[in-house]
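The structure is given below, and queries will be raised subsequently.
Chain lettering (A, B, C and D) follows the sequence in which the chains are written, and residue indices restart at 1 in each chain.
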Amino acid sequence: MNCAAIKQKLAASGAESVIETEYARKGFALDVQVAPEHLVAAVSVLDAEGFFIEAVTGVDWLGEQAALRKETEAKAAAEAKVKAEAAAAAGEEAPAVAVHAEQGELPEDVLEAVYDFNHYEYLCRVTIRTRMVRSKPEVPTISQIYPGANWHERETHDFFGIIFVGHPYLVPLLLPEDADYHPLLKDFRP
Amino acid sequence: MIDYLREIISGTWSLFVGLGITIRYFFQPVVTVQYPHETLPMTPRFRGHIELVKDEETGEPKCIVCGMCQKACPSNCITVNGEKREGVKGKVLTEYTLDFTKCSLCGLCVESCTPKAITFSKDYNLAGVRKEAYIFDLKKRLEAKN
Amino acid sequence: MSAFAESEAKETFVLNLGPQHPATHGVLRVKLTMDGEYIVEAEPVLGYIHRMHEKMGENRTWAQFLPNTGRMDYLHALAFNHGYVSVVERAAGIEVPERAEYLRVITSELNRVSSHLLWFGAFILDLGGFSPLLYAFDDREHILDLLESVTGSRLTYCYFRFGGVYNDIDGDFVVGARAFIKRLRGRMPMYHNLVTKNIILMKRLREVGPISAEMCRKYGATGPVCRGSGINFDVRKHEPYSIYPEMDFEVPVYEQCDSMARYMVRMDEIEQSLRIVEQALDKLPEGPVMADKVPKIIKPPKGDYYHAVETARGSFGVRVVSDGSNTPYRLKLRSPTYSNLSLYGEACQGMLLPDALALMGSLDLVIPEIDR
Amino acid sequence: MYVDPEIIRLLAFLIGVIAFAALNAAYLVWLERKEAAHIQRRIGPKEVGPFGLFQPLVDGIKLMTKQLIVPAGVDPVLFKIAPILVMVPAIMSFVTIPFSDTLVARNLDIGLLAIFAFASVNVLGLLLGAWGSRNKYAVISAARVVSQNVAYEIPMLVTVVTLVMISGTMNLSKIVGLQMGGFWHWNIFNFSASPLMPVAFLIFFVCMLAETNRAPFDMAEAESELVAGAFTEYSGMGFGVFFMGEYANIVIGASVATILFLGGWDCPFGLFPGVHWFLIKMYFLIFTVIWIRWTYPRTTFYGLLNLSWKILIPISFVNLILTSAMLKVF
């Protein structure tokens, strides 16, 4: 069994994308993007292959969409500028390409849950990412597959407010029992 | 039955071996140091709280008020202030305070200091009853030392 | 039998073990539901010294987080240093001079020995034997002196830097380290005679606290806990980092799955660590201990990076997400004991209180590292 | 007014015995600390007086001046009576112990029986104290104490019965009297009665450790499991009296072992028998008790019950049968 075979199995389980990364550069071998509804299937594949769970965590991508839009706008503006310059150089009237900002509502920013798995026998660290919108951060729990995920999910819930649907005991673990804040969210202000 | 007896005998023997070891140590000299009465030498790299270094020629602090230590400090416990004075190149140090209540003695400030104007002291017997006693005015300390 | 079982299941009571209890070595609380002295259910309650290191990391520059790493696992601080600097070096593409890597391995292996010695003493203390603790402290003190002469501190080291180490060693350290290796090798038979072969200890640890290999996998247990269950997993061999591939050492693995197996793994690891230190001292190359081209302000390129190291308690992994700025965007610290402790609730079901405490001791808990 | 000199003698002895017990308790703490320290290559108490010799006095003053806290929810009567119930029987036992052929308060014909009768009350004290504390750790500890003592009195008494058969008396002075004249007359080396006598001594010694709740059988107090076990809720002199009771029990255990097996006040070489030999042997045994405590880890209580029922009781019965057979034959 090697990483390539795992990659195929994961792709077959409904993962959105499975990228083989450069281990020496990144520190993990497979970068898997999964929709929340396919998470359990992907994790079951790893469980069947004998992987152990290393960690579950989250990343808050607040402001990512705005940054992305800015980037595309900058790109579009740059392109337009290049075109205009080319046209000017050719002595033509600049084409009336108005660089207008997309006025549409920004898509909502996402929270990302990151699962790290590793194998005791061979080197293949698999990182599974699943994204959910910030207003409804729900992913299914994997604690029925890996009991060890129980605490990791509780911790992630503490820090990010991600709700692991079906988790048996989703109360704060590291934070006080009555904590209703999620400190690792980027818009958290103490 | 044989195993039973063997276990009893080997078990009892292991207990006597243990007693032999402890009684040997009983008669060996002690290894502890009676701290307030005697002390061990400090290692030269001991990281105490920081101290200003004075320039041997002028007797003034070597500090050039670049503020690197202040920026390097993870817990923001250093405050450096200086002013321009006529006839002197660069800035002159007017204030150097270390809030030792926050300091974690990591030494990043000493490393970041290009003119090597701060160093670690060897003070470790620090005790006090008030928090304010640990907001050190290092400039004053240096002057007091002179 | 059945009538007895029925009547006994009813009367249970809750025993709060901790947050202040002699056996929990810090502020861990375990809520035990007990039936007499049998444990029906155990629920560890964490977070009494939670300091949110991950948030602190997001508010500091990459270099400013360095002192924090030594304050998570205060017993094997250098390995945590190592994990963090390695991941940042990997992210920023910093080459480390060979001598610096040797120094990192030497110091962090010595630190591993000191951690195991302290664990040994504390574990026997949990089992009620007091003197081995102080014998172990006697040896450990020598390591602390050695490491203090290099790093300047005795416990919460902050010695590694991006691109090298903070200070070079001197001749005295080499001589001292060799003398210490000789000394500890001479002391190990004493430990085994006094403790390992003691019939009382054997009776308390053999076949007590079984943790199966499957359970280790499901809970993500690493380090001596999984090696005591017959799993040959050591990050130093599994995904070699630093100069470990050049070192000749073995990974002790025991198949018995009981507390004794975990005890033996750690005792054997002391010897293996001494071997590594010895070889590294022999091969120690000359050269700088700090890379030349380390930028003052580190800005790793965008992306996320992972690096795992083997600490005295298992695999410590750091995941950093960089957005290209001078502070980490996200810093995830995967501490080994957190996973190791999470299996405690299942492992000690149906055990007697003294055995459950022996099991807890054999997991080698360091609470600040669990709570982070 | 006529006063029976016997009463004055008894009163003097009583005061002497109480002083002896208290002094012993105080200085055994000092000995324990000093011995533990040197085993661990430390110095131990050294600041108060030469070699820290006044440390027990200072400790005593500290304990006495501390407030006696009776926590809310405890049974006040049981809570207060328990330390006394541990201390008094220990002192009572001293009455019948012969320190030399003349130094004995009351030479009872059933002295041995009296000592074991008093020793059993000690358990009751611990049990009541633990129960009265209304503390979960203490209650677990109480259960352990009882099961431990039930298990250990059997091999101990069987061993003692063996000795009574050999001596033919329960009078402690007479038992010692039969062993006079050098160490080859002592019961521990009495191979003509039974070849297992040294083993019997070991059994008696182990049972004595268990009876007095000393390590490695200190399950009742197991500080890494039960915090302080039965004493968790006690403070000040309540705790102090418990402690004195414990040490007094150790002194009695060592004395009885000396009398039964090591020939009491007899000199090993048949020269100058007297109270000094008794004290030397007794303190050597106490030294060993402390030495053992600082060497071994603690057993679990099921390990202890296994040891008792599977090893000590069978061997002590074998010894009993062997002795009776040998007595019958020879």
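Note that a residue touches a chain if its C-beta (ideal position, glycine included) is under 8 Å from a C-beta of that chain, and two chains touch if they have at least 3 such contacts.
Everything numeric in this text was worked out from a predicted model, so none of it was measured.
A.B. asks: Work out which chains are contact partners of both chain B and chain C.
C.D. replies: Touching chain B as well as chain C, we find D.
A.B. asks: Quick check on the contact network: minimum steps from chain A to chain B?
C.D. replies: So the least number of steps between the two chains is 2.
A.B. asks: With contacts defined as at the top, give the pair, B-D or C-D, that has more of them.
C.D. replies: C-D
A.B. asks: Sort the other chains by how far their Cα centres are from that of chain D and give me the top one.
C.D. replies: Centroid comparison gives A as the farthest chain from chain D.
A.B. asks: How many Å are there between the centre of chain B and the centre of chain D, using C-alpha atoms for each centre?
C.D. replies: 50
A.B. asks: Measuring centre to centre with CA averages, how many angstrom lie between chain C and chain D?
C.D. replies: Centre-to-centre distance between chain C and chain D: 43 Å.
A.B. asks: Averaged over CA atoms, how far is the centre of chain A from the centre of chain C? Could you give it in whole Å?
C.D. replies: About 30 Å separates the centre of chain A from that of chain C.
A.B. asks: How big is the gap, in whole Å, between where the Cα atoms of chain A centre and where those of chain D centre?
C.D. replies: Here chain A and chain D have centroids separated by 69 Å.
A.B. asks: On chain D, where are the residues touching two or more other chains?
C.D. replies: 39-42, 294-296 - these are the residues of chain D that touch more than one other chain.
A.B. asks: Multi-chain contacts in chain A: which residues touch at least two other chains?
C.D. replies: Residue numbers touching two or more other chains: none in chain A.
A.B. asks: Which chain B residues touch at least two other chains?
C.D. replies: Where chain B meets two or more other chains at a single residue, that happens at 12, 15, 18, 21-22, 25, 31.
A.B. asks: Just spell out which pairs of chains touch, all of them.
C.D. replies: Here the touching pairs of chains are A-C, B-C, B-D, C-D.
A.B. asks: Mind pulling up the chain B residues that touch chain D in the complex?
C.D. replies: That would be residues 8, 12, 15, 18-19, 21-23, 25-32, 34 of chain B.
A.B. asks: Flag every residue of chain C that touches chain D in the complex, lowest number first.
C.D. replies: Those residues of chain C that touch chain D are 13, 15, 21-23, 36-37, 124-131, 134-135, 138, 194-195, 198, 200-201, 203-204, 352-355, 357.
A.B. asks: In their complex, what parts of chain D are in touch with chain C?
C.D. replies: Chain D reaches chain C through residues 36, 39-42, 136-137, 140, 143, 215-216, 218-219, 222-225, 227, 294-303.
A.B. asks: Report the residues of chain D in contact with chain B in the complex, numbered from low to high.
C.D. replies: Residues 35, 37-43, 46, 202, 291-292, 294-296, 311.
A.B. asks: Which chain C residues qualify as touching chain B in the complex?
C.D. replies: 60, 63-68, 71, 131, 135, 138, 145, 148-153, 156, 158, 161, 166-167, 190, 193-195, 197-200
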